[in-house]
Structure formats: C-alpha cells, structure tokens
Amino acid sequence: MQETLDRLIREVLHEDPQVWAGSWVVYAAALLAVGFGLTVFGALVAGLTSWWERRIAARMQSRIGPNRVGPQGTLQFLADALKLIVKEDLVPPESDQMLFRIAPYFVMTGFALTFVVLPFGYHLSATRMNVGLFYLIAVTALVVVGIMLSGWASNSKWALFGGMRAAAQVVSYEIPGGMLALVPILMAGSLDLHEIIRAQGGFPWDWFVFQTPWGFIAFFLFFATQLAEGNRTPFDLPEAESELVAGYMTEYSGIRFGYYFLAEWGNLWVMSAVISTLFLGGWQVPFVSAETLAGWEAAGTVPVAFYGVSTAVFVTKVVVLMNVIIWVRWTLPRIRVDQMMSVCWKYLVPIGMGLVLLAALTEVLSFQLFGDAAKGPAPLGTPRGALHLAFFAVAGAVPTVLFFRKIFRNIRLTGDRIDLTNW
Amino acid sequence: MPVSQYLANIKDTVQSAWEGMTVTFSYLFRRPMTVQYAGPEKAREKHELVQDTLPSRYRGFLEVDLAICTACNACERACPINVIAIEIEKDPANPKLRVMTRFDIDEGKCMFCGLCVEPCPTGSIQHTREFEGTQRTLSNMVLRFVDPAKPAPPYKVAKGATAFPRAVLGSITRPLVKAWDSPPPPLPIESAEEAMAHAAKKAH
Amino acid sequence: MALDQIFITRKFGPNAEQEMILNMGPQHPSTHGVLNFIVHADGEVMEKAVPEVGYLHRSLEKIGEMVSYAGFMPYSDRVDYLAAMFANEGWALAVEKLLGLEVPPRGQYLRAISCELNRIASHLIALGSTAMDIGAVTPFPYALRERESINDLIEALCGARLTYNYHRIGGVAYDVPPDWTPLCRAWLDHFEKVLDEFDRLISTNEIFLKRLAGLAVIPAAMAIDYGLSGPNLRASGVDFDLRKAHPYGAYPDFQFKAPIGRAYAGLSRGGKVGDCYDRYYCRVLECRESATIVRQALDKLPDGDFINPKAPKKAKPPAGETQSRVESVRGEMAYYVVSDGSERAYRLRVRTGSFTAMGIIEEVSKGLMIADLVALIASLDVVAPEIDR
C-alpha cells in the first residue's frame, strides 16, 4: 500500500514523500482511512445482505418480506441496528464477564481482517500479499476463537454446545477447504489473489471452474467447505435454532448479539469473494485479454474505466454467489453433528486429495502437451482453448438450460403460472 | 461401506439437492401467497376491504339488535363462560311491563363459539364480521348495548312470524367499538350490601 | 450434603453429578408449545430424555363437569387446537351415545368431510414442523400456505379458523354453504399437486432422509405396549385404524387405505419399519387418503337434515356411563363420560394420543443425539394441550 500511496503522491502532488519529515503520519492516516472505509463497507454489506436475504427467503417461501422501512424495506437493517444498539447489553451474572464481553470482538476482528487482502477490482485491494490466500485462511480461523470464547464464557449449556460444535466444525473444514483451494493454486501457480485472478480469463470457459473437471468438482466442494466455515445451512449446527436455541449466542443481547450477525452476513461477502477469486475469474472483464492488459500496463495507460468495469464485474459475481448461498440456506435441511464429521472426513477430504493429485497431474500433462501455452487463459483457436470451451458447454451451459426448463416445469406441475407482478 | 454405496450417496445428495433447489427457485417467479395487509396509516380505509374477504358465517364480535330482542335470556343461559349479562327490571313508568336495563357483552372474554346465536328466537344476537377492536384497557372490550338512561323494552313476537326486521349486521356493534386508546370506563363503586344483593339476585 | 445437591439428586437422580442435565423447554423453539424434557446427556449423546408434563394443564376435564353438555363443545376445541374437529366429534358421539340420539346421514357426511379436512390441516403442520426442526425452513411456509386454504374452507363452513365448534350433539351446526363444494374440489386437485412438490422439495431430500432413517425405531410390540395409536402406531407396522376397525359415522361408506410403515426411507439408508421417517411419511400418505375420503364424501353427500331435529335444546341424559372413540389426527381420542342424570357430566375423562406418544419418548430416546430428540418429538407430532388437557 505504501508504494501505491507513494506513487499517488508523486503523480498527483509531484512531490516525493520519502523526503518528508513526518511521512509516517501520512501513511498512518491513510491506513486508518482505508481501515475505516473497509470496516464500514463490511458493515454496510452485512446490513444490506440481511435485508436482501430476508426478501429472497420470503419470496422463496411464497411471502413478501420486509418492505416497510424505506423504499422496499432497504433501510430495515438500520432500524434493526438501532434497535440492537438501544437494547440493554445483558451480561449474565454467572458468566465469565470479561471473556463474555470480548468474544464478539474476536469474531469482528477475524471478519474485518479478511478485507486486508480481498480484491475488489483490478488493482483494487488494501494490500497485495504474495501469500494472500494463506493469510485469508489464517485470519478466518480467528472467528472460531471468538465463537468458542462466547460458548464457554456464557456459562450456558446451549452456548457451550454451540461453541464446541463450531470449533469442531470450523477446524475440521479448514482441512478440505485448504486442500481444495490447492486446486486453483496449482492451476495458477501463485498464492497471490490477484495473480490467481490474472491466471484466468474474462469468459466463463477461461475460469478455473470450467477449465478442467477437477476444477469443476473442486468448485462445488470448496463451496461446501466455505458454507461450513461460515456456519451456513446445511452446516449451521453451531447456531442450530431448532436444536440449540441460538447456539453460541444464546446469552447475548443488544449490540454484542448484533456483532455476531454482522460478522455472519459480512462473511457471506468474504466467502463469495474468495470463491469467485479462486474459481470464477474474479474481476476479469470479458474481451480484455491478458495481452491487452499487459500492453496497457507496459505503456502505463490502463484506462480509468477499466478499474470501474472490473470492479463491477467482480461485485456482480460476488452478489450472484451470495444469492446462491442464500438460496441453499432456504432449501436444504441441516445435517447432524456426526454426519457433519463424516461428510468432512469421509467425503470431502479424500475427494479433495484426489482432486489435488489429478489437478497436479493435469498441469504436468498440460505442460508436456502445450508447453508455455499451458499457463493462463487460452484463446479459443488453440487446442487448449477448444478443450475448455467444450467442457464449459457440457458442464456449464447444458445444466443451466436444464435448470431453467426444470423450473418452468415445476411451476407448470402445480398448476401455477409465472407472475412477477408483485415483486 | 461398499464403493457403489459411497457413489450412490453422493449421487442421491446432489440429485435431491438439485430437485429441492429448483423448487425453491421457481417460487421467485410466482406470485406470493400472502397479501399486503394495510399498514397502520391505512387501517381505516382498508378495514372494509379485509372484512369483505371474510365469509358470511365468520364469527366476529357479537351484536344484539335490541329492537327485536325478546329478553328471553336464552343467550345468557347458553353461554358457557358468562360473557353476556342481561338485567331485566320492571318499567318504572308502567309497572306491568319489563325493560332491559343492561345488555352487556364482554368481547374480551368471549370465545366466539356461537352457542348464544343458536337459541335466539328472533336472530337478534348475531356474530358480525367485525374483528378489529384492540384496546389499551381490557374493560373497554365490554360492549354495552343498553343505554342506562333509555332502558329497552322487549320485543313482542307476532304470532306465526318467521322473519324479523333486523338492523344491518355490524351497524350496531361498529359504533360501540371504542378507539384503542380511549379511557377506561369508571369503576362501578357499590357498597358491600349492594354487591351482596347483586350477587343474590344473579344467583336466582 | 448441601441443600441444592439434595434437590438435584431428588429431582434428577443419583447420577446427576456425573452427567450433564439439560433442561430442554418449556421455552425451547422446537418443543411445540410448552413441553419440558430433562435431558441426561453425555456430550451430544443423550442417556435419556425424561418428559415433564403439566405445563399446559388447564383442567379441561374438570371444566367439563362444570358446564352443560352443549357448553363443553367449545372447550373440546381446546383439547387439541390443531385438530378441533375430532375433539368436537368425540364429545358429540359420547353425548349422543348417552342420549341414544341418531345422527342423520347428511350430518355424518359433513362430520367426515370436516374431520378429514382438519386431518389434512393438522398433518400439514406436523410435516412442516418436522422439516423445520430438521433445519429446512421453507417447507413450513409451504405447508402452512395449504393449511390456510383449508382454514378458509372451514371458515366458510363454520365461521372459525381454529376453534371450530362445528359439531353439535345430534349433528353439525351448519349445512355446507352454497358454492362451497366446487371450491373444496378445486382445492383438493391443487393440493395433490402441491403435495408432490412438497415431496420433491423435502421428503426425498437426501439430508432429510439420512437424518430420519433408522432413527428412534419403535417396534410394533413396543408401540402396542406403550399404547401408541394413530399414525405413530401404524408407522410401526400395526394395521389398526379406528375408522376401519370400529367404524363410526359415515366411514363405512368410503374406500380408503390406512397407510402403515414400510421402511419408506429405503433399506440402503438404514431405514427400518417404525423409524422417524416412517412416521413422517405415513402422515404424507394419510393426507392423500384424506383427500380421497373428502372427494368421495362430496360425491355421495346425501340430502336431508344435517342435525337431528329431535336433538334436545338442553341435553339431560339418563344416568349412566359411556365411552366414545374417534380416530383423531394424533391417535385415538376417547371421551369417557359418567352422567348422573343432571345437566352436567358427573365425570369426564379424555384419552388422547399425544399423552401416550409422550410416554414413549423416555424409552426411545436412549442413545440418541440431542438433534435427534428434536426430530423424534416432531415425528411423534405431540401437541402440548393434548398432553396436559
């Protein structure tokens, strides 16, 4: 970030910050500003997602959903937040007072720290770390510390159950999660999130998910592990409402309760951003090939519009993925604790291992076959590009068509009809 | 676990999740079952609309048309929970006649079972389609159909009459339902003897 | 020993110090009203779950001895608020037996129609809440949506959506309203399609199947020993349905099946006869059967009185005792009435299916997980007021 800032100052102010006396003040102020902006962004995203999830869930359940506060209910989350802030912050007298109070901040910190490396668009991220993905996996583990603390400190059996379940679940699913993340890492050859994106292309067949069958399977399994780490249905055991009342946050109230929800909905963005970075081409814009981009960069003439367009592409992908996560939540039942473990250790881990091996083999084979052309997105004319397109047609296009046909069949079967008048 | 079973598990999970997800997704394209209920700001004007959707047999607030009430007490006797209170006294103007000085229905206690409607000989007591009567004070739920200043004389049923001129259903109860924040009625202050006498009279 | 330790030992048994005692309910989201279970747990695995009843006791039986025979009818609604028609019918049958009163055929048919519609409505709640307790929220609104349509139909029929008070001693309170029959038929057509969709959404879902298959198996002998009845008994493979075994009302006129458990979850998933999935799926099948019963009843609906014109205004049966049994949604509902010749019952006793279902939980819950207890309660479909009355 320091370099970007230096370059910005040199280009805009035509001065060299290196010779300033108190340049660290500028850096610190910029750091604070970016940190503040990202946290606010996270909170806003979490709030808007909470409203959007409720609307979508309502639609899927043949209801209307919150539509009173603000236009179409968009300000509902502000009303909810206000209510939570005004509410009494109850601390059970028999709880471990200090741990009980700080536990939500662990969760919040773990959530906010992920924004340090998350990309938002071309060249847009707080920092560019060459071990970005590694960092991401490391800081998300902080969330589970907060959850365990709250489970323990509440001195409630329900909360304890929730905390222990969360610990078991998140720690277990880190393993297949990390393993499945290896598949795109192998394909990209980097841990840097921006490098992983740049190894893919703008068109769907250039994405890692549609390049090889291994990437395709790994995408879905990685999606599942992300659901598990974000405590979303069907892996929402730590807060399973019908079993554990509210799991680890049973005893919380007021804004401390709100922090958990903020982190949970904000995590939707984090999960979706990670998945779209690893598998769905991130901010890659169609029709802007890697060569064009490299040409712009070499000449120093990256158009400003490209920053905007790439951000829009990325945000669109993230929002679509968030909707998919919401959609899964309102469809599937919850699995049991022992099933959660068996899914992890009997299915995800061995399959993930196999996928990593297969992906590595494919990379080696690909280098043998195509040489240097095996890296990065392939143009359609090349044999590798044709292969990717064929796989995309089989794995991407056909299921989409089938999906929509099935949906209209479902509507017809119940004697209903398409009606969007009340949206 | 045999390999075939392992693969079958994966296939079943994927297939059934796919099935379920197409069902929930298809609801995004359908009209929701629920309808928008009028908010507090529109409650008054939409009130009539909601009532129009109710069937004619709907058991809402009770209503008595005193113009055709014969003061037979059948409804009071039929009520399992003593919601209806009727008091009949001699007419001070003409001691040969009786008048109803009280006909109270405690809607706050009523369970809307409809047992009082059935024995009514003239159809004077009926369920209306009124249902919105939220009150801040529970005692405001008591609907007083007789104005103590104007006791109501009983209706004389003409020989062989089968139809009775009943007021429009709801037109009597609706004005009686108070605004939700109206002040509670004053408590009846009666001496101990009066209360005893009252109770003794009730017991008979 | 400290006083609280004595209390704990008295209340929870001598092992209370070694095992985790979890008070599940009465304010727990999935205890269906106000049930309380004292769960003796070792981590997630339960040693047993002891049901504590009485949180919804409203002394309905005693009230039945205080009000007139006709006046108890609205109270019987409150015995089982999800299946009020059956409680109505049971009470009406009992008093009719005491009085020696006949119900005209049209009244009997209307009773059957209203009861079977109510059975569907109640089963829909059971199915939806089973799904919700397993964690799938969406099937619940779908089930409730269909139930609302039934409520609309019943509201048009008798004026109330929950506490119907429709049956009367000697028949029913109202005839079918005009234009009601086509509406009912149209809804039945729609309902069968929606039930198919419900099956696609949740009944065939692999996670759902895996959660319920082979869970809390109640063998036939055990079900009989504990006095289970209704769908819970039939799911254990015992073909006993009061509508067939001791037909009453208009039921002998109808062709229908009483679905029994056949390990519907599939043997490969560990399904056994009498597991939670069988109890769930028997209810799905019963919904379809009830729909056919309603159709047949609408087709054959005879003309005539819907209430016996000789029904007394004030029932005053001769001294004696009697018992009526109806196949309610949650099993056999029986009214035992003793009359001393006055206007009020001398003694009234209600036997309900939920109470016996509740009794079996302690036995069946041994070795299950806490998440399974929730599924078990949901699959037994217990309703709190019916347990405590």
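Of note:
Order of writing sets the chain letters: A, B and C. Residues in each chain are counted from 1.
Here, contacts are C-beta pairs under 8 Å (C-beta built on N, C-alpha and C of every residue); 3 or more make two chains touch, one makes a residue touch a chain.
A quick note: this is a predicted structure, and the numbers were derived from the prediction, not measured.
Taking the CA centroid of subunit C as reference, the farthest chain centroid is that of A. Judged by contacting C-beta pairs, the busier of the interfaces A-B and A-C is A-C. For the pair subunit B and subunit C, the distance between C-alpha centroids works out to 28 Å. Rounded to whole angstrom, the centroid-to-centroid distance between subunit A and subunit B, based on C-alpha atoms, equals 54 Å.
Averaged Cα coordinates give subunit A a centre that lies 45 Å from the centre of subunit C. Residues of subunit A in contact with at least two other chains: 60-63, 330-332, 410. Those residues of subunit C in touch with two or more other chains are numbered 138, 145, 197, 200-202, 205, 207.
Looking at subunit B, residues 9, 17, 20, 23-24, 33 sit in touch with two or more other chains. Those residues of subunit C that touch subunit B in the complex are listed here as 67-68, 70-75, 77, 138, 145, 148, 155-160, 163, 165, 173-174, 177, 197, 200-202, 204-207, 209, 268, 313. Against subunit C, in their complex, subunit A makes its touches with residues 57, 60-63, 157, 161, 233-234, 236-237, 240-245, 330-339, 410, 413-415. Residue ranges on subunit B touching subunit A, taken from their complex, read 9-10, 17, 20-34, 36, 39.
Taken in their complex, subunit C has these residues touching subunit A: 20, 22, 28-30, 44, 131-138, 140-142, 145, 189-190, 193-194, 196-197, 200-202, 205, 207-208, 210-211, 369-372, 374. Listing the residues of subunit A that touch subunit B in their complex gives 56, 58-64, 67-68, 327-328, 330-332, 347, 403, 406-408, 410-411, 416-422.
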